[in-house]
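Both complexes below contain chain A, partnered by chain B and then by chain C.
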Partner chain A sequence: MNMITEYITFLKERYPDILARTGEHLIIVGSAVILGCIVAISTAIILTRFKDGFASSLSFGLANIFQTIPSIALLAMLIPLLGVGRNPAILALFLYSLLPLLRNTYSGIKEVDSNIIEAARGMGYSSFQRLWKIELPLARPYILSGIRLTTVYIISWTTLAAIVGAGGLGDLIIAGMANNNNFLIFTGTVSAIILALAADLILGFISKDRTIKE
Partner chain B sequence: MQKASRLMLAVSFVSIFLLSACNPKEDTINIGAATYTETKIMAAVYKELIEDRTDIQVDITPDLLSTSLILKALDRGDLDMSLMYSGMIYNNFFPVKTTTDREEVLSQAKKGFNKYYDMKWFDPLGFENTYALTVREDLAKQRGLEKISDLKKSEENMKFGVDSSWMERPTDGYPAFKKAYGVTFKRTYPMDVNLVYEAAASKKMDVVLAYSTDPRLLQYNLKTLKDDRKFFPPYDASILARNDTLKKHPELTEILNTLTGKIDEKTMTSLNYQVDIEHRSERDVAREYLVQQGLLDDKEES
Partner chain C sequence: MIRLEKVYKRYADGFQALTDINLDLEAGKIHVFIGPSGCGKSTTMKLINRLITPSEGKIFIDGEDITGVNPVQLRRKIGYVIQNIGLFPHMTISENVAVVPRLLKWDEDKIQNKVNELLSLVNLPPETYKNRYPGELSGGQQQRVGVIRALAAEPDIILMDEPFSALDPISREQLQDELTNLQENIQKTIIFVTHDMDEAIKIADNIVLMKAGEVVQVGTPEQILRHPANDFVKEFIGKKRLVEHRENPFLNSFDAEGVPSVKDVMIDKPVTASPSRGLASSLNLMEQRRVDSLIIVDKNRKLLGYAPILNVLSEISDETKVLADVMQSFKFAVKPDDPFTVALEFMGQNNAPYVPVVNDANVLVGAVTRGSIVRLMSEVYPVAEEVL
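Showing the complex of A and B:
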C-alpha cells in the first residue's frame, strides 16, 4: 500500500518529464514509420511492375540485411555518420521498418486476382487507374496490417534510442537501471507497452473500419 | 575415417575431463566491470595478480551497464568483487548523509556496505574518477569559460550531453546541479557516456559531462571547467568485495591491498589512453603495468 502511495507521489512529481519522454518517443516512432511507409510502399508498388524477379529479390535481400543487423551495432555504425541525437535513431528504426512494410505491400498487390486485373484492362483502365482503383484498395488490408505490425515493434525498439541521446521512454528505463530506481524502470516500460497497445488498437480499428465499408 | 573418429572421441573425452577438472564453484571468482575502460583494466590487473599468487581462477564479466547493476550482481553472489567509486553511495543504496568531504564519504561507504550488504570497501587506490563538466577549448576561449559558474551567462543556448545515469542521481544529479549553480541548459541529451566526447568534439554538443580520467578528454582537446562550488562529491576508486569471498579465500585481502594508494590519476589516465586510443588489450596493459611495478614476473605464462 505504501508503495502505491509512493508511486503516486512519484508520478505527480515527475509527470511533465514522463510526458516529455513519451512525446519524444512518439516523434521518433512517427518519423521512422512514416518515412518507412513512403519509401517501402512506393518501392513495393514499383517492384510489382517488374516482370522478372531480379529487382524484387535484390530489394528484399537488402531490406533483409538491414533487419539482421543487431540494433546496437546499427546505432554504433550510424554515429560516425550522423552523430548523436534523434537522427541516427530515426534512420536506424526506419531501416528496420522497411522489410515488413515492403513484404506486406508487395504480396498484397501480387495477391490481387489476375482475372480482375484482366477485366479492368478490358474496360480500358490505364496502368495508373488499375493501381489506384483496384490493386491498392484490394491490397489495403495487407498494407495496413504491415503498418500495424511495424509500428508496434518500432515502438518497443525505440527504447534503445536513449543510448545515443535521442531521448524517449528508454531514458527513464536506463536512468532507472543506473540509479536503482524501480519506479523509473516501471514507468518507462509500462508507458512503452501502453503506446504499443494503443497503436495496435487504433491501427487495427482503422483497417477493420474501411474493409467493412467497402 | 576410423582414425579420425577415434581421435575425435579422445579429444572429446579429454575436454570433458578438463572441463570437470576446473570446478567453477570451488576456485573461481568473478570480477565485474562496467562499460568504460578503466574498470575493465582494473579487473584485468586484479585477475593477473590473483592468478599469479593463488590457485584461484578469475573470470571477468565486463560491460555491466551501471554501478547499481554491478551491486545487485555482487549482492546475489554472481560477482565477487568490482571497482567502485566512493561518490556512488549517493545512488539510493542505503541511507547516507550528504557531504562532499572526502574522508566522510569514504567512511560512509565503508560502514554502509559492511552493514547493509556485508561487503568490504577497501582503502582507495589513489585516483579519483569524478564527473567533469567539459567544453571544447575554442568555445571556452570564445566565451571566457574557466569554471562552471561562468556558464551562467551563456547556458541558455547550449546543448548539454550527459551520461544517462547522471540525470536522475538524487543528490548530485541534474536537478541538484541546477539548484547549486543556477544553470539550466537549453536542452539535455542523455546518452551512453562513451559517446559524449566525440559529441562535444564534433560540435553536436556544446557542454558535456565526462569522466575525469577518460583519455578522450586529451584526445579531443576538451577543457574541464572548475567545480567552483564544490558540487560533485569525491569519487575515489576502491575495490568492493563480498565478505564471504574474502572469508573463503583469506589470502585475497592482502592481494587486494597491494595497490592501495599506488595509482594516481595520471597513471590511470595513461593506462586508459593505451587501451582507448592506442587500442591495446586491457590484459596487455594490465600485465605491463604490473611488471613495471615489480609486482609480476615478465615472462608470459604458457
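Showing the complex of A and C:
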C-alpha cells in the first residue's frame, strides 16, 4: 500500500520528464519507420518489376545482413560515423525496419492472382495504373501487416537508443539502473509496452481488410 | 475484320508455338478457336490484343496493322474475358464493369447508365448487385459480370479465353445460350477459345481447329462435321458427332451373315429409374423424356424389370408406393452381339415396344426400340433422290 502511494507521488513529480521521454521515443520510432516505409516499399515495388531474381536476392541479402547485426553493436558502429544523439539511433532502427517491410510488400504484390493481372493487362491498364489500382490495393493487407509488425518491434528496440544518447524511454531505464531506482526502470518499461500495444491495436484496426474476398 | 498473315511465334527457348497462321476472321461473327491443350489457340487469340507479340507476320484489324499501335490503347478497344473470371476482388460489381469506360474517361452519368443497362441484360438487377463484391456472387453470376465487363466500352471485338470452362454444366449451358442470344443483338466480332467441341458446335459461326501450333481446318460447324479434313479432325470431333459416321453406321458392322447385330441398332441410353423412385416423380420423368415405360435397374445397372405408365397411373394415389411395387419383369432380353433380327422377331410376336439389351452379367447396356428399327430401315433402304 505504502509503495503504491509512493509511486503515485513519484509519477506526480516526474510526469513532465516521462512525457518528454515518451515524446522522444515516438519521434525516433516514427522517423525510423516512416523512412523505412519510404525506402523499403518503393524498393519492393521496383523489385517486383524485375523479371529475373538477381536484384531481389541482392536486396533481400543486404536487408538480411542488417537484421543479423546485434543491435547494440550496430549502434556502437554508427558512433564514429554519425557521432552520438538521435540521428545514429534513427539510422540503425531504420536499417532494422527494412527487411520485414521489404519482404511483406514484395510478397504481397507477388501474391496477387496472376489471372487478375492478366485480366488487368488485357483490359488496357497501363503498367502504372495496374500497380496503383490493382496490385497495391490487393497487396495492402500484407503491406500494412508488415508496417504493424515492424512498428511494434522498433518501439521495443528504441529503448536501446538511449545508450547512444538519443533519449526516449530507454533514458528512464538507464537512469533507474544507475541510481538503483526501480520506479524509473518500471515506468520506462511499462510505457514502452503500452506504446507497443497501442501501436499494434491502432495499426491492426487500420489494416483490417474491409473488402470481401472468397 | 481481323486478318492474320503468315504469323509465327517462337519463344526464346526455341519452342515453336505458332507456325504459319493465316486467318481471315469476318466481322460480326463468333469465331471459335479449338484444339487440344498446347495447340496455340490461346496464343493466337492473344496476338489480337498484343498480350503476345508475333515473331514474324502481320495482324490487321479493319485493314490497320496493329503491330505499330500502342498496346494499352489497343486493348481498351477490345473486350477481354478470361477463363478464371478475373474480376477484381477489391472492387464492387459496378466498379468492375466500369473499368474500361473509366480508363477511357467517359463521363460518370454515361458510365452508370451503361453499367445498369448491362447488368439488366444478364438478369442481375442493378439495385441488388451493383454494390456487391465479386466474392458474394456464384461462379455463374461472376462470369456473367466478366462477360458484360468486356462489353462495357462497346468494343467491336471481344476475346474470350475459355470463359465458361470452369463453370458447372448447367451454368455453362445457360451462359452459352445467353451469349448466342446476346450476339443476335450486338453483332460483335467474338473470338472464343475452347477445348469443348459441343460448345464450339453450339455457338460458333466459324470454327478454327488447331493442332501443335498450326491451323488444321477452318469452316462452319456444318462443314467441319460433314467434311473433316483429316483423321485428327475426325478424332477430335469424336465419332458420335460425325455426320459421315451416322450416314453409314452399318456398312462396316454387318456380321458374317450380313445382318447387323443388336449393338449397332440399339439406343445406348434408354430411360431408366431405380426401384425406390416414387410414382409421381416417375410420371414426371416419363413426361419429360416422352416415354410410356421406364426400365428399372439397380444401382449397378443390373436389369430388374420395367414399369409401364398404366401401372404407375393406377397406383399413383398411394403415396407410399414406389416403382418396385408396380414393376413387371421382362420376358425377354437380348445380348449386344445377337443378330438384331432376334430382337425384331420377339417384338413382332409379342407386340412389344422395345427389348432391353443386357451383357453377360445382366447389366443393362441399351435397348432396341421401334424407333431404332425404323432408323435402321431408312438407312438400308434410303429414299432415292428423285422422289424427294
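One rule holds in what follows: the second predicted complex is superposed on the first by the 208 of 214 C-alpha atoms of A that agree within 3 Å, B and C clash if a C-alpha of one lies under 4 Å from a C-alpha of the other, contacts with A are read in each partner's own complex, and residues count from 1 in each chain.
The rule we apply is simple: a residue touches a chain if its C-beta (ideal position, glycine included) is under 8 Å from a C-beta of that chain, and two chains touch if they have at least 3 such contacts.
Predicted model, so just to flag it, every value in this text is computed and none were measured.
Aligning the two structures on chain A places chain B and chain C side by side, free of any clash.
Seen from the CA centre of chain A, the centres of chain B and chain C span an angle of about 150°, rounded to a multiple of 10.
Contacts of A:123 after superposition: chain C is touched, whereas chain B is not reached.
Once the two complexes are overlaid on the shared chain, A:36 sits clear of chain B and of chain C alike. Of the two partner chains placed by the overlay, neither chain B nor chain C lies in contact with A:100. Within the superposed three-chain model, A:108 lies out of touch with both chain B and chain C [touch as defined at top].
Of the two partner chains placed around the shared chain by superposition, neither chain B nor chain C is touched by A:168.
Of the two partner chains placed around the shared chain by superposition, chain C is the only one that A:137 touches, whereas chain B remains out of contact.
Once the two complexes are laid over each other on the shared chain, residue contacts for A:88 go to neither chain B nor chain C.
For the pair chain B and chain C, the least inter-chain C-alpha distance in the overlaid model is 49 Å. No residue of chain A contacts both chain B in one complex and chain C in the other. Listed in rising order, the residues of chain B touching chain A in the complex are 65-69, 71, 91-93, 161, 164-165, 167-170, 173, 189-192, 195, 198-199, 202, 204-205.
On chain A, the positions that touch chain C within their shared complex are 113, 115-116, 118-126, 129, 134, 137-138, 211-214. Those residues of chain C lying in contact with chain A across their complex are 49, 51, 72-77, 80, 82-90, 99-100, 103, 133-136, 149, 159. Interface of chain A with chain B (complex): residues 79, 83-85, 162-165, 167, 171, 174-181, 184.
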